[in-house]
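Take a look at the structures listed below.
Shared between the two complexes below is chain A, which has chain B as its partner in the first and chain C in the second.
On to the complex of A and B.
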């Protein structure tokens, strides 16, 4: 605003007394306008992309979340106000409990396991030979499709599967991992954490490499043990990488459903049902796009709040995202 | 706003309004029209048919009549597309939204209310509706209708019966299949076996959480056999919270608690490998059991679903599919004509006696071990040399109760499944399950759309 007005103000002030600066001012304005047009032209593809794939769907989803719509005819969109939102939290609705609770537990469990596992493994790898080989091995689940990962683990968890086979060989009874509502969600969380640990290791390894060696040398001179070095040097200096891994894994965890649909389809009962799976079902199985869109906005708010809280916690500890 | 902004074509405000509108409009038009061929004058009309006949016998069976139609009709050609049954509903929804909806669709009748509400299915023209009402059984016509209006030609009709493993029953000292629930329980307990680690070796009575249809179908067949119903006659509330419903859930709960049923086991694998003594399932299964079990199929027997008491009236669940025409099709007349040719025109039946005739669809169904809603065709096609295990399913056509297909039927079924699973896994008692089903399903089916 200031940049636009200043030359015009100057032009008006000097205009009556001198033609030269006025001509220069007009030329400057034309040049700036020309530059703005060029800038907009360069920005246009990106703006168009965002308009088509972000703004428009967002607006449409907002419209649908306050409407009832069966899916195909735009003329049939029926405004219902906040009915879809109140329906999600009405007495008897399963959206808050157990679906949203499961979503948070799933994301939290995944992040906790993946973070702990990846810190441990990345630290070990950092002290090993053939680091590239180890990183590749741990990264393999990332390049494997979720469907394959889910099916393999599903067979391993089955009553006559590998995991129960090992338990039986140890003289222990079988566990109905995916069939028991108490063990189903943790069992899927383990798989999700296992599948996502590879990417976390890559990021943390890069973080470990960026820690100056001089800190470790100083610690060695002071006689610090491995535990002290890890807690006092490695972990604090890894915080930026941990923050990134934590936020991205949490977001992925809150939105994921593919592994669950492959392994349990949300069951038994609603024991492993999560928000994204419920949204998918509401829209594509039940033809209730309004409820699905309302659920999407609720999940959006949850994701936003969780991300802001994570950023706030890490910033309090002196880190910028 | 400066004059140049007003006169220089679209303003920014207009542009901001026009862009989303144009995109929405293009989406709307995209939603409207299925692919119809090249559209050049003189070129044939290409009708697309989307079904779940995606693999093996089913795919091959549909190929026959479609090839015959294409060979004998120059102006209208039919092209088939197929996906697995588990993906069929979502495929309808997604393709329709993307403007790729097929001209002819082959939905599970449970979804008809939902598809009619969404404006996907076109009502059958009166002459076709009359043919359908005249030619098919009551259950089949009911399943293909929504609000009293017929929406398509019934194709396969599935009734539910009791599959049993003759060898396992014999080894347990039981001479024949159970006829009452008391016998069912006794047989289940006597045939069930587990190893010392708690692994199920043999399920006496198979209860499976494989998918909605498997889980719910078993329960509804038993519910119908006990004289109960899932949804009230007006389709506005659930009727499962009745003495019959309570009796069914009690029965299933006892079987699970006493170890005669293991819901976590995939019954579709376990039965074939002799690890399930009895299970309730639909008629389509005979064909795949025959193909996959080989010589062991001789151990498979089929009997009517047991009733609570010996003198109770028989009843069971019936489900079905139909072929209907998409509202977005540009050639509905041709599509209905193809369906009439496929479903009502009688031709020589290869598998039946010489000179016997049946519709192409009926022959197709029987060739893959299934049933059609046309009782006359079924009698013709099963007259001799057919699989005796199909007979109980055919008999059941006379007393089977159609699955309700109200607009929220799929969601009601999913809710029922969740609560059945919660009961089987000890998350809910029978009373809690009945209360929750009533509250959740009532809320869904009573919604005014």
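On to the complex of A and C.
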């Protein structure tokens, strides 16, 4: 490692800055070369890892997405061009509807619910004492494994579970939340939102703390009511935090499928199937590595586009703010 | 001041929300104490008739709990240790050492955070299966099951974390160069400078990063599921507890699952309550989980 890297240190001259006039030029050169060698040694584990587990996999995934392969001998990879991609969008394929649609609905629903809930709770916590205690409480779902969250809610949604128990106590009939194709996706969305409200509250709290108290005092002098204060002061000044929560939640929502595996396995039918889960299944249940890799890239593009659009909105809003 | 008007409304919202947050956990604990025929029956009852501990015994008996626990602990410890070590090493180089290609490598580290994890499930799995000279493979990765037969499979894809490198680098940048220079003049090598001066100064951020990594590794499900489907010997706690679902006694399955879940989240819960300040800071630093 050291030997292969030493020649590169001759490029040192292009390095960032030189520490003033070279009083002792040769010693300094030697020291810099030494520092470069050490730096590469310190970086070696990380760089090696990125080469094997980041760059190689990306190339491998790209190769697989344009191939047909039985999954055994690496010599048997058949290039098929874009067949896997066209297959995903062919007539009769379930990938566009309902799977990709579900993915977007799942992400959108989660963001909407989590955002509304966290804005409400975060602004209210800001009015109270023992703020740390409240926030810790709201944080419980985040440190809990998705297996726990999924199973507890799955059980609560059952006919003899807590949610239906409450409905029955109110005189309402039971709902087959996860078994009914119409209610399955919204039911899972509620759980995903429930699990992510805590961290959103945290980000929004940081945003709330940065709003100067003097704005509120001025509003009070003008006799503004709490509703006006919320809509005209709190919400607009919270916009950077809101958009940040929005972007990161949306990203998470588009990608996550662990909760769905635990709660519904994508069912009933394809009612809760999402793109990442479909990719997982194509690969590890059906052994169709090509289609699975193609699905992964399509989802990647969706994630990228959604993020860029949001960043664009973020920047525009930032300008007129 | 005006902020603090109408506290009753705030209390109403915050308490309602808190109840909604905590009740599922309480329901889990209550169910874990329910006796045969008490759960999943109508009408729904929140409290158990008697606090029956047999579900915990059944969960322990049904699962090979010591093995699951061992696998989870080993995997989590290795991942956390490795992330801390590689992050602080690479972070130091990127923050405080001058070398050609520094900006390029820093940009590479930043870009690793851009790629979503699902993109790597398939290639990572295939790389581990075809790992040369492991698990019966030849030099070209043919013939055996590669690294998927060992606990390494649980760990390897998570050993380095781009965000960890970024985070430690950001903190190390603020350490004054004069301090490091003084140590070097006193004859300390770069390794000693890193270990004796830089690492102690970055302790707060390392604790934060360690805690974040620990919780994520302990709770990891999808990858562990994948690996232990190939090799049940490396099953972790979350995967094992999910399997309790297939427990045969229909009047008792749910209480036993809930008992297992309660046991599995206890270690993280305790750690979180002890070190919540660091953890909360970590989530704020890293954006959202």
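We take it that the second predicted complex is superposed on the first by the 267 of 321 C-alpha atoms of A that agree within 3 Å, B and C clash if a C-alpha of one lies under 4 Å from a C-alpha of the other, contacts with A are read in each partner's own complex, and residues count from 1 in each chain.
FYI, a contact is a pair of C-beta atoms (placed from the backbone, for glycine too) under 8 Å apart; a residue touches a chain by one contact, two chains touch by 3 or more.
Every value quoted in this text rests on a predicted model; they were computed, and no experiment measured them.
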Query: Does the chain A-based superposition show chain B and chain C clashing or fitting?
result: clash
Task: Examine A:106 and indicate which partner it touches, taking first as chain B and second as chain C; both and neither are also allowed.
output: neither
- prompt: Of the partners chain B and chain C, which touch A:314 in the superposed model: first, second, both, neither?
  reply: neither
Message: Just checking: does A:284 make contact with chain B only, chain C only, both, or neither of them? Give me first, second, both or neither.
response: both
Message: In the superposed model, which partner reaches more residues of chain A, chain B or chain C?
response: C
Message: Which partner chains sit in contact with A:179 here, chain B, chain C, both or neither? Use first/second/both/neither.
response: first
Message: Under the stated touch criterion, which partner chain does A:85 make contact with: chain B (first), chain C (second), both, or neither?
response: neither
Query: Taking the superposition as given, does A:68 touch the first partner, chain B, the second, chain C, both, or neither?
result: first
Task: Classify the contacts of A:250 with the two partner chains as first (chain B alone), second (chain C alone), both, or neither.
output: neither
Query: Is A:164 contacted by the first partner chain B, the second partner chain C, both or neither?
result: both
Task: Name the contact category of A:95: first (chain B only), second (chain C only), both, or neither.
output: neither
Clashing chain C stretch [against chain B; choices 45-53, 63-71, 135-143 or 207-215]: 135-143
Field: Shared chain A contacts, counted only where both chain B and chain C touch the same residue
entry: 52, 56, 60, 71, 73-74, 159-160, 164, 168, 283-284
Message: Per the contact definition, I'd like the list of chain A residues that touch chain B in the complex.
response: 51-52, 55-56, 59-60, 68, 70-74, 76, 90, 92, 94, 159-160, 164, 167-168, 172-174, 176, 178-181, 265-271, 281, 283-288
- request: Sort out for me which residues of chain C touch chain A in the complex.
  value: 1-7, 9-11, 13-14, 17-18, 20-25, 27-28, 31, 39-46, 85-86, 89-90, 92-94, 97-102, 105, 108-109, 112, 115-127, 130, 140-142, 156-157, 159-160, 162, 165, 190-191, 194, 215, 218-219, 221-222, 225-226, 229, 237-239, 241-242, 245, 254, 257-258, 261, 264-265, 268-269, 272-273, 276, 279-280, 283-284, 287-289
Query: What residues of chain A sit close enough to touch chain C in their complex?
result: 8-9, 11-12, 14-17, 32, 34-36, 38-40, 42-43, 45-47, 49-50, 52-54, 56-58, 60-61, 64, 71, 73-74, 117, 120-121, 124-128, 134-149, 151-153, 155-156, 158-162, 164-166, 168, 194, 196-200, 202-203, 206, 213, 216-217, 219-220, 224, 226, 229, 244-245, 248-249, 251-252, 255, 257-258, 261-262, 276, 279-280, 283-284, 289, 292-293, 296-297, 299-300, 303
Message: Going by the contact rule set out above, which residues of chain B touch chain A in the complex?
response: 19-20, 23-24, 27-28, 31, 89-90, 93-94, 96-97, 114-115, 117-120, 197-200, 209, 211, 262-265, 408, 410-411, 414, 417-419, 421-422, 424-428, 436, 439-440, 443, 449
